[in-house]
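Naming follows writing order (A, B and C), and every chain is counted from residue 1.
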C-alpha cells in the first residue's frame, strides 16, 4: 500500500526541509513531485522550479522524480512514500482531502496521483511554522543558469546585495549555483530568518568545462528590479577563458597532491 | 628513493658548465629534479647552444624545469614582450653596448620559448624564484635584513625560498623572534603578539656553484660542479 | 601642532566639504591628502578643484593614476570580477568627465610625501595598489614602514581607518655561507614603528556611513580617528543622476561599502 501525501504552504514556510526530513526517516522507496501552484491576485507563485527536486535528489540519491513517469516504478516497490509539494498562499477552507483546490485535483488526476493525506503548513498541527510571512504583494522571478559558473567572490557580493535589498524587497531567494572548482551550492534565504543557508551539495562536477546539471535562481518579493539582477548576474559569471584558467590551475594542484 | 632537487642558475650561455653539472648529477644518488632558476642567458657569450640543449635535452640527461631570470627579463623587455617597457635597468647599469651584446647573443627564434617561461615555481612548501615574488631582480643575500627576507617568504606563503639573483650560496634560517602589535580602530583596541615562523631563505649560487636540496630531510648541500661538495647543512 | 590627514575622497563633494569644515572648526590648517580624489563618486572635477583651491598637499592614489595613465591595475586590485566590471564603468565615466586641467593636476601628484619622520602614501610604499589591512602579518607591516625609512607611515586605500603600533620586536637568525666554515648566529632588535590609515572621506568601509579621517598631534605624537556626518543622500542622488552604477549609491546609503574589501594583504600588484 503506497502512501501519497499532498503538502502545501506559502513560500519559505519550510516545506522542502520537512519533506527531506520525512524522506530521510522513511524506510522504503520515496517519490517526489512539485506542482507549480496557482497565483492569487497580487501574489505570484514562483515559476515552476527544479531547485527543490535537485536539492532533495542530491541528499537522497535514490529519490524518484514523478515528473518523469516513474509512478508505476515506485508503486511496484516496497512501502513507497510519495510526497506532492504544492506552493499555496491561501489556507484551505476545509480540513483533510476535502480542502484540496479543485484546480489541483484536476492536475493530480492528470498525473494519476491520488493523495490519501493532505496537510497545509501553519494550519495542521503536524506542520508547525516557526514564522509566517504575511505577504501583501509578491512578485516571482526565476533565471535559468544551466552551464553558468560564478566567480566565487562575485557570487558572495551579489548574494549579499540581493538579500540586503539592493534590487528591491526580496522576501525569499533560493538557488543552485555552480562554482569553478566543481562545487554545487544550494542557497536558501527567507526574510524572516536570520542569515542565508548555504549548503555544498554532494554532487561535484569535473574540472573540465561547464556541468550539465540544473542551475537556477528563484526570487520572490516586491518592487524587484529583475533587469538589474540579470545584468549584475551576467557580470558575475565566468567566461570560457577565465574558467579554463581557474580549472587548469585546480587540475595542476590536484595532480601535485596526487 | 631519496627525492632531491638540483637548483642551478646564472649559466649565461655556458653550455660547458651545464654539461659538467649534468655529469655531476648522474653520479648523485636519488631521484633528482633539475630546476634552472633563470639567467640562462647573458651578454658575454652566444647562448643559442645552451638554450637549444635546455629545450631539447639529450636522452641520457635530466630534463630541466626552467623559469626566467633578470637577464631574460631584460631581453624580453627590450624585444617588446613586456608591453611598453624596455631594458632600462640594464641600460642604466651597464650601458647601451651591453644591451646590444645581449640582443646579439640570443637568436630571435628562442624568444617565444623564453617568453613562455614562468616567474617561479611553488613546490611543496618551497618557493623557487630567481629573485623573489616581489621582483625578479630582488637581490637577496645573507646580509639582507631578516625583516625583508621574512616579508618575501610571507608574500609567497612558503617556508623555504630558494633564490638565485645574488649569485651567492647561503642558508639563512629564521630561528626565533617576536613582535607586539596593537591596533586601534573604530571597533576598539586589540593587542596581539606574533612570533617569527620557522622559515629559511637559501641562496643557490650561480654558474658552477649550485645547490642540492633533499626534500625528505630538508638538508641543503652547496656544490661546485666538478669538485667535491660542501658539507651537508642540516635544515636547522 | 596638529595636522589632519585625509584620504580616498572619491569624488564625493558633500563628504569632502563636511570633513574640511570639521578640520577648520578645530583650527587645523595643515592638511595632507593621500589621494584617490576621484573614482566611484559623481563630482570628480569639483573635488579636485576644491583640493587645488585650498592648496592641500596631496599624493597620487591608484584611481588618480589610472584615470591619467589608463587602467594599470591588475585584476588583484578588485576583490571580485563584479567589482572590476563596475570599477571599469566608473573609470570610463570619470575619465570622460575630467577636464584637461584637472587630469594634468592628477598626473603631477607625487607618489609619496615625506615630512620629517612621517611618510605619506596612498596604498603602501611599494605600490599605490597594495592594501595595508589592519590585521596583516605584523612583520610584513613593519617591513613596509622600515623599508620606507619612516617612523610613522600614513596610508589610505583600504577605506578602514586604524592606528597600528608595532613594538618590542626582535628576530634571531642562523646563517651559513658557502664560502665560510662558520655558522653565524645573530639576534637583532626591531625598531618601534607605526602605521596610520586615514580611512576614507568619500567611500567609508567601516560599516557605517560617516566620513573618516585622522588628526595627528606632532607635540604629543598622538593620532585620533575622526568620524564626520554628511548629507549622504545628496551624494546618492548625484550618483544616480550621473548615470553611475546605482549600487554605488545603495552601498553608500546603507554603510555597506565594507561588503567589498580586499582580503589578501600580502599580495602586491606587479604591474
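Convention: contacts are C-beta pairs under 8 Å (C-beta built on N, C-alpha and C of every residue); 3 or more make two chains touch, one makes a residue touch a chain.
These figures come from a predicted structure and were not determined experimentally.
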Chain located farthest away, centre of chain C as origin (C-alpha): A
Geometric centre: closest chain by C-alpha means: C
Centre distance in Å when chain B and chain C are each reduced to the mean of their C-alpha atoms: 34
Cα-centroid distance, chain A relative to chain C, in whole angstrom: 44
Centre-to-centre distance between chain B and chain A (centres being mean Cα positions), rounded to whole Å: 53
In the complex, chain B residues that touch chain C: 134, 142, 145-148, 150-151, 154-155, 157, 168-186, 192, 194, 196, 205, 209, 222, 230, 233, 236
Residue ranges of chain A touching chain C (in the complex, touch as defined): 151, 153-154, 156-158, 160-161, 164-166, 228, 232, 235-236, 238, 242
Chain C to chain B touching residues, read off their complex: 126, 134-135, 137-143, 146-147, 160-179, 185, 188, 190, 206-208, 212, 225, 227, 266-268
Of all residues in chain C, those that touch chain A in their complex: 79-83, 85-86, 246-247, 250, 254, 256, 259-260
